[in-house]
Structures are given as C-alpha cells and as structure tokens.
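What follows is a set of structures to go through.
Two complexes come next, and they have one chain in common, chain A, joined by chain B in the first and chain C in the second.
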Partner chain A sequence: MAHASPLKPRSKRVLPGFGLSLGVSLLFISLVLLLPLTGLVAETAGMTWSQFWFVVSDPRVVESYKVTLWTAFLASLFNGAFGLLLAWVLVRYEFPGKRLIDAMVDLPFALPTAVAGITLATLFSTSGWYGQWLETIGISVAYTPVGIIIAMAFTSIPFVVRTVQPVLEELPPEDEEAAITLGASDGRVFRKVIFPSLWPALLTGIALSFTRSLGEFGAVIFIAGNTPYETEVTSLMLFVRLQEFDHAAASAIASVVLLVSLVLLFAINLWQGRYLRRLHGK
Partner chain B sequence: MKYQSHHRVGDQPWLRRTLILAAVALSALLLAIPLVLIFTQAFSAGWGALVSNIGDRYTLHAIGLTLFVALLTVPLNLVFGTALAWLVTRFRFPGRKLLVTLIDVPFAVSPVVAGLLYLLLYGRNGWLGSWLADYDVQLMFSWPGIVMVTIFVTCPFVARELIPLMQQQGTEEEEAAVTLGASGWRLFRRVTLPNIKWALIYGVVLTNARAVGEFGAVSVVSGNIRGQTNTLPLHVELLYQDYNIAGAFAAASLLAAIAILTLAIKGVAEWRQARLLAREPADRNPQ
Partner chain C sequence: MSIKIEHLNKTFGSFQALRDISLDIPDGKLTALLGPSGSGKTTLLRIIAGLENASDGRILFGDRDISRLPVKQRNVGFVFQHYALFRHMTVAQNVAFGLESLPRNQRPPKTEIRKTVNRLLEMIQLPELANRYPAQLSGGQKQRVALARALATRPDILLLDEPFGALDARVRKDLRRWLRGLHDEFHFTSVFVTHDQEEALELSDQVVVMSQGQVEQVDSPTRLYANPTSRFVFDFLGHVNIISGTVSDGWLQQGNARVSLPGVSTSGDAQLYLRPHEVHLSVEPDSRACLPFTIEAINLIGAEVRVELRPDGWDCDDIWEVGVSHSEFSRWQPQRGDRCFVSPEIGHLFRNGDNRPQPVTWP
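For the complex of A and B:
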C-alpha cells in the first residue's frame, strides 16, 4: 500500500511544521499502534515455549488455520478475476449505469461488516433469495466453507478493482494498436502486451484481498456456522478463547495471526515499492 | 496519433457486450441486491414497525453511543492523518518509509487481534490496566475502551486519502508562499487546505463510516451490556441472535444509509477534486 512514487530531491527543509507534524505523528503511533503491542508481548513472554506450542498447535486451532487459509485464498482468487473484469469494464467501456457501479464498488468498505454478515446470511439461508435457488440445484452455502468464501470475497471486493483501475487507465494505447495492426489476435495482445503491465497491480490487489480475508470476522461469523474443525476461522477461534477467559491461549494464537499479517503487509509494501520504481524507471 | 476505437483489445461488439453484461450481473448479485435486501427486510413489517424498532429504548441508546464514539474518534484521526500526511509528503527523513508502512498496520490486523491488544494492556490483568485499577479507572468493558479500539482501527483512512494526492501535487505553491512570508498555519489554511479539501472531506466521511460500523474490535472490549456498552453494530448482532430479524435489519438499515451517504459523498468529492486538479495552479487559490 506504500505510495513510493519518488519525490523530487529537496536541498533544504523550506516548509514549516516538521517538528510539529513529527511530534504529533510519533506520539499518536506510539500510543495507538505500538504501546498496545507491549501487552501482547508481556502476556506471551509469561508462557514457556512448550505452553505456547501446545496452544498454537492444538488440533482445533490448526484446523482453523487451514480453513482460514484456503477460504481466504479462494476468496482472493475470485476477487482477482471479478476485480479484473470490473476494472476492465469500468476503464474501457461506456454504458448506462457505469458511474453507479463505480461508486458501488466501495460499498464493502463503507458497509459495517456485521451488516454485511447478516445480509449475506439472510440471502444465502435455505429460505433466502439466493439460498432457495441454490438449494434446488443441491448447493448449500450458509453454514459451509462456501459461505465463508462469499463473506470474505464480499468484504474485499474493492482491493483488486482499485489497484488495477489506475494502471489500466494509464496504459498507453500505442503498443496495443501496433500489435493489432500487425495482425495479432486480441487474446494474444492481451497476454503479450496488456497483461505484463497489469499483473503487478493485479497481484498486489489479490495479496491485499488475501490479507484482509485472513482477518475477517464480522462478515464471516454470521454465515459460517462456526462448527469447530469445519467452519471455524482463526479470528473466531481467538474470540472463543477470549470468551473462555483464556487470555494466554488467545495471546498465543493472536501472536501467530499478527505475525502472519505483519509479514504479509511488509512483503506487499516492499514488493509494491519495487515494481513502482521499475515502472517509473522506464 | 489519432485514437481509433476499433484498434484496441476487446472492442468487438460481442465481446464488449458479454463483458459488460457479466460485470453488471455480478455487481448486481454481489453489491446491489444485498443492499436492497437490507431495506426490504427493514421495511418488511411496515413503516410503523420500522419506526418502533428504531425507537426502541436499547436501539436509541446504541445509536447515541455510536455517535458519541464517532464524535471523539473522527477529530482525533483527522488531526493525526493530516499531520502524518504533511510529514511524509513534505519532508524526507530516515524512517519515512517505515512510518508509511506502520499506518497500514490497522488495515492488515484482524479486528479481533486489535481488540485483544487493547484488552491485554488495559484490562484488569494488563500492566497498565492493573495500575489504572488502583486509581479506580476502568477503561475496558466501558466506553473509553470502545473509543480507543475505534481510533486504532480507523486511524489510517485520512492519511491514506491525503498521501497520494499531496505527493502528486508537490510543494511548489507552498514553497512560493513561504518565500512570500506566509507563516505555518496561514500557509496550511490558505494554500494547502484548498487543494486537498475534497480528499480530506472524503477521508473524514470514510473514517466516520468505519468508526460507526466497527464490529470485531469493539465486541472484544465492549462487554456487550445492553443499554450501556452496546454500539449499533453490536446491537444488530444481538437482535439477530435473538431472532428479531426485522429489528436487526431496522438497525442495520441506519448503518447502510450511512454507507450509501458515504459513497455519494465520495462520488462528489472525487469529481470536485479532479476538477480542482485539472485547473491551473495559478487560479486554484483566489487571493
């Protein structure tokens, strides 16, 4: 998510407010983001390695990692395809209702996750608008992993669209036109000319969607059924341990989750910085 | 070279029509119809029932608490987001990139983990919480805890809206103003603010939407006491678990209305900001 477009080198600090903005930012980041981490460190530091391992490798917890990982993976893959389609259609074509769809893409960011959760659960329940039709062809979504995938996919729809859209807008038409004039088929031009400029943004969007899906809670719990070993995501596992007042276990699991999401975040930012540099270096 | 429409990929009418149809159909299924369902369910028992559902004592309390939380959260995050955006786009210093990555942390962290972090620190057993308890200060399972986790979850939004824009706009105008003798606050108000106004407005509106709607983190630290620490999203869950579907969707429709308003303001803000950017720098700031 880093916006690493290079700033012009500046010889001196001409503009005022360095001290003030640095002070406000550091104070806020320390108090709001960093200080709370000390609680987690203190809690897990009180455990021995074997206690820690016992908690995080508990079969029910391990099963929750697996469910979370593969549902988040499929949800982000779906969003890769759907996001690319939406971005393509919104950038390349004119049609009635285009502005409305463009605006609606951000709905999952603006709509509270709990509201998304009860809405999807109601739509896909066996008597719901979608559920009753799916029932007749033998697909049940509510209280199955498919429900988890749908909830995760819904809450992370905007990521791929909003990372691919600007890249597609700035794609120069010349290469594409030249290739078509030379007789290349559309599919070939897409693969050889368009996709190579597109895939870094697409991958970033998918990775962001995946990271977000791993942590999703509000939208998932209403539709998932939350059966241990089957439809229990790790965020919920964490919540269950908290309700059992088992703070040590919750902290151990949380430290695993936190580590994974931070590693993903730093990897995405590093990678994004790199490919942006490459793009601007051209 | 003149742009020729039939020379680009995907311009064949059949392909264009198929792709547009697929995009419209999927958007309808995944975005529009869910939104319609919320209001259909909320109105399912008629206007009278909707009004009495929203007018319910506990629902009203949840609305009040939620607005109170947003009222405290949004201004704080506005100040932080603006300061951070100014810092990372107007100055270069060691650690700048790290700061930009750090503010994305709340995006990447599961809301349940966010709530847990605060609970561990400020709860009765936390090192800070036990010290506060000696002075009879309890932050968790009451409104201060809700405000604190909401600030955590929503702190990136203003900065995220401002940073790309302020980077793109550069600093020439501001440097010129400094050379002409403008002081710090005056410079920000007269030169910077008019240029970033619409992005800032959308940042605030989005922060508000997320503050009002936060669920996972808040449910860890709230204690879910009906009529006391129940925010509107928690109240939606409570009603839904009570099988009061009409009530749950009545409360949800208020949150959905805020979401729709947020998207509408985004549309206007983007349009105005684009118009602002398209103009020449010279006539961007009259006087």
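For the complex of A and C:
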C-alpha cells in the first residue's frame, strides 16, 4: 500500500468537507484570537526584561492587581452560590414567568457593559433607589470595592447559570431516588449525590466568571470611583497607560492578566478532565 | 415482612394508572409483577416503595399501615433498571452509602461498616472491585453492586424494577439464577417488576399478572400456566393457537375444520385456545378433530422443532405454531408445503362474552 496515507478522512466521515471546515475554523481562530495575542506579545517583546518588570510591578499597578483579584474572587464566589440557586430553580420548579426569567439570565451578556455600569452606579449612589437606604444602615456601595464586586457579579453571572443548568437537567432522577430509598436525608442527598455531579460544571462556571471579572472594564469603572490604591482595577490601569500612549506598558499589563486567565482555565480543564474520566470511564 | 395492599388507586391527571388494586404479598417470598408496558406494574412498585403516592387506598407492611410514611422510614431496598449507582463513588462507597446515611445513634462504627461492605462484596462475588468506579464495571457487575447497596441496610422488603431489563440474554440468565440462590439463602420478601413472562415464571414464587392498571390473576407459576383465568393471561404467557367457530352438539366448527369438545354441552360462538406443545401433528385426521393445515415454515433450532402452520380451508387471525420433538421430526420428515392435521390434547374454551375459560381434555 504505497499510497496509503495515515490521514485519509475524506471517505470515512459522515459530514463532508473536513478539510474545508477545519481550514476555515483554523483561519478564523488565527485571525480573531492568535493574531491579536501575537501582537500583544510582540509589543511587549520590544521592552527589556527590567523595563517590563518596572511597568508590571509599579506599586499602583500591583495594588490594582490585588483589588481586581479579591473583588473578582468574591464576585465569582457569590455567582457560584447565586448562579447555582438560579439554575436549580429554573430546572427543578415550574412557576409562572419561568421562561421570562430564563431569558433574562442572558441579559448581562446582551447589555453593553457601560450601560450596566451607569445603571448600577445610579442605583447604588447615595441618592439612588438602593443606595439611600443602604446608606442608612451604614453600607456604602458606590465608589467602594463592594460596588466593583456588584458590577463584576452582574456581568458574569450567566456563565455559572448556563454551565450548571444543562448538567442539572441531565441528572437522572433515579440517583436521587436511590439515595432516598437508602435512607439519606434531603441535605445528604444534595451534598453526596447531586452536588458531586454538578461540581465540575459549577467550578467551570465560577472560573469563567472569575476570568471574565478580571478583565471587566465598562461596568466597573462607573461604580468603582477609581481612587488610586483603593478602587482601581487592572483593566483601568491598562486604559490609563493607553491614554498616555504608552502601548508597551499597556501590553505588558495586559499580558499579566492574560497569563493569569490562561493558567486558571488550563488548570480547571485539566482537573475537570480527570474528574469526568472517573465518572464516565476510560 | 408481608405486604398487604387494599383498594389502591392512582391517577396521573385524567389517566388512571391503577384501578382498585388489592393484593397480598407473602412474607419471605419472591413475587413478580408481570404485565406489558403501561399496565401499571412499575407505578405499583414505586407506590410500595413510597417514591410515588397513591391517590387512595392503604398499604400495610405486616400489621403497620405505612401509606403515609416517607420513603426513608419504610425500610425498603430498591433496585433500578439502570442501576442508579453513584458515579463519583467507588463500589465500596456505593455499598456503604445506606449505612452511612443512618442517624448518628444507629450508625455502626466505621470499622463495622467496612466489615459489612466487605461481606456484601463477597456475597456478590466482586470483592476485588471494591475500589473501582461504576464506569469501569460491566452491566451485570453494576446490577450486583446495586443489589448489594440495597441489601446493606437490611431492608424488610426488596423491590426490583425490571432488574435485568438492561442486560444481554446470557448475563440476564446468570443473574436470574444468582438472585434466586441469594433469595433462597436469605429469604427476604421481594417484589420484582418484569414484562418477561419467562423470567416471572422461572424466578418467582407468586406471579401477579397486571393489565391496564388492574390485577388479572395472582397465582403460583405452575398454577398460572396450567389455569390462566382470562384471555389476556393466556395471550401473555407465550404463543397460543386459536380457532374461533360455532359450538353445537359437542363440536366446534369453522369452514372445513371441526374439533370435538368432550364435556361441553352449551352452544354458540366460542374460541378454543391450544398451546403449541399441548397438541400433536399427524398426517391423517383422527376422531378428536379434523384441523387441516399446510406447513408454512420449519424452525429446527431449540429443544424441539417448531412448525408454523397455515389453515387450509378455514381462517384464523394468527398463524399456528406446533412443537414437534426432534426424533419424531426425523421419523416423519415433513416438508414445507405438506398437508397435515393437528390433534388436541389439552385446550381452553372461551365462550363469546365470557372471559373465563372452560378447560377441555381429550381422552
């Protein structure tokens, strides 16, 4: 078989056009994802290592990392809990307006983030609808890290709901019934039977929510107040550098954000792959 | 523990799934709920378990009315058709789940749980698989683990919903035999649902035949087979040959076919039911009957030769099947297209408008 090549998919595949469809996909990925990323790296490559380090370890920038990390962390944690609840309600119960709520979950994706930011800032300012009575119990939201968390949580909650929802729908009811006949309490059924099946999806949702929050700009800047060393997020620092026409510095900071996001997503994927292999065998 | 079901009804919206079911399930016996899909057998099983609520009626375990008791207080073990093992737990963790779910004051210490689990894994002959995950097991192994898990808490009653339905024929046979052995050793009261009449007759001490939400007949397998009390039960327990005709003067007649009916004095339209192995085949008609056929097909595979027959000069809805022993077959050597006659030995006569048969035997 002199002409047998190891890659001969054409005759074996059900869908035709393997070469074409893969080619278009790869081209698209290159244009939309890889090329800009390469540009980013190229931009930073113009700096020396010490220049790079000087930019990314500037105290004000470092402080913005801290603010961004812990607010994004809390926002995604909140979304983990609230998103799971929302998905649960949408899957497990029938109630009037369910379809409407289901559709509204996607609203944060559809809404321009700046609109969300302005709305949240108005609502939570000391004279706003929520802000004024929160003020009376001594909580101020606008122009504090709490405001950042709320903006981040708002824009990234669909990630959690939409990753958990299908998994929850697919859970076989027999698993729960089996647990009940074995005498497990409701709490135990949830902890030991339902939650472990949802856990990989939930964690993915939380991770997506977290990485999205790391880069959130539009929604955050209106409500954050942007006080240096206190409520400046990293994406704002990027914006500031860009306004100073310091593209190299902006790229350097961007590459840090990118690295953190990528490492996190890869780690989650690796872990999830292992966990799912155990569940499904092979 | 015996189960007593009294006037049980279940409706789903406007659909009546169960209609006035009253039933006694004896202590320590294996009872089969047999019926086609949609007959309500699984619903009945789930109501006994407490996974579904009856619309009205009572269920007693022993003398205790448990109709209103939640599932976990009924102390039943339930085995599902698709195993329902917890995929993220190992085999040992699955089996231990019930024991670890006990309230703290009843829960045995960890070492004892481990011992019980090991004993159960020995019982299901899979001790080496304790640390595997369900995804790594075969269907038969999974169902055995599910059984061990259900038995771990020593339930009063074991309920099995089509336990062998998802397994292939050979594994099913093995597991059936194994379950029978297990039952003979431990004598738990068990109820299992099946649509396979062979499985029901082979495995159980008592068979409950259900159809359209009602109980058709309750009997031991031998009595059930010998004396089906309705057309439905007859039809459901394997192939049956039917000739319909008019009865007069002790003969049933249709076209050029006629069968004598010793002991039958009534007249009118009726159907005679004859099982494939309760008739024999010959070249000439005899004094009992003249039922002419042509041979349509011959199937040599199995314990006996199965001959399919098409009526000759009269009509029937379904083709007839007759079992012939291999020795007789090789002596006679019938061919497809040959003409032959059927002579009855045991039959059941259903008069029109009457659902109970009259047994007929030929001397």
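Operating definition for what follows: the second predicted complex is superposed on the first by the 245 of 282 C-alpha atoms of A that agree within 3 Å, B and C clash if a C-alpha of one lies under 4 Å from a C-alpha of the other, contacts with A are read in each partner's own complex, and residues count from 1 in each chain.
As a convention for this text, a contact is a pair of C-beta atoms (placed from the backbone, for glycine too) under 8 Å apart; a residue touches a chain by one contact, two chains touch by 3 or more.
The structure displayed is predicted, hence computed values, not measured ones.
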> Is A:Leu214 contacted by the first partner chain B, the second partner chain C, both or neither?
Replying inline: first
>> Just to be sure I read the superposition right, which of the two partners does A:Arg162 touch: chain B = first, chain C = second, or both, or neither?
In response: neither
>> Residues of chain A touched by chain B versus by chain C: which partner has the larger set?
In response: B
> Thinking of the overlay built on chain A, is A:Leu40 touched by chain B (first), by chain C (second), by both, or by neither?
Replying inline: first
>> With both complexes superposed on chain A, which partner does A:Trp129 reach: first (chain B), second (chain C), both or neither?
In response: first
> Which of the two partners, first being chain B and second being chain C, lies in contact with A:Arg92: first, second, both, or neither?
Replying inline: first
> Regarding the shared-chain residue A:Pro196, is it in contact with chain B (first), chain C (second), both, or neither?
Replying inline: second
> If you lay the two complexes on top of each other, which residues of chain A touch chain B in one and chain C in the other?
Replying inline: 174, 177, 180-181, 193
> In their shared complex, at which residues does chain C touch chain A?
Replying inline: 49-51, 71-72, 76-78, 80, 82, 84-88, 97-98, 101-102, 133, 135-136, 146, 149-150, 152-153
> Given the complex with chain B, which residues does chain A contribute to the contact?
Replying inline: 1-5, 7-10, 13-18, 20-22, 24-25, 28-29, 32-33, 35-40, 42-43, 82, 85-86, 88-90, 92-93, 95, 97, 99, 101, 103-116, 118-120, 122-123, 129-130, 153-154, 157, 173-174, 176-177, 180-181, 186, 189-190, 193-194, 211-212, 214-218, 222, 234-236, 238-239, 242, 247, 250-251, 254, 257-258, 261-262, 264-266, 269, 273
>> Which stretch or stretches of chain B touch chain A in the complex?
In response: 1, 3-4, 7-10, 12, 15-16, 19-20, 22-24, 26-27, 29-35, 37-38, 41, 79-80, 83-84, 86-87, 89-93, 97, 99-113, 116-123, 125-128, 148, 151-152, 155, 160, 163-164, 167-168, 170-171, 174-175, 178-179, 183-184, 187-188, 206, 209-210, 212-216, 219-220, 233-234, 236-237, 240, 245, 248-249, 252, 255-256, 258-260, 262-264, 266-267
>> For a test of understanding, state which residues of chain A touch chain C in their complex under the given definition.
In response: 172, 174-175, 177-185, 188, 192-193, 196-197, 275, 278-282
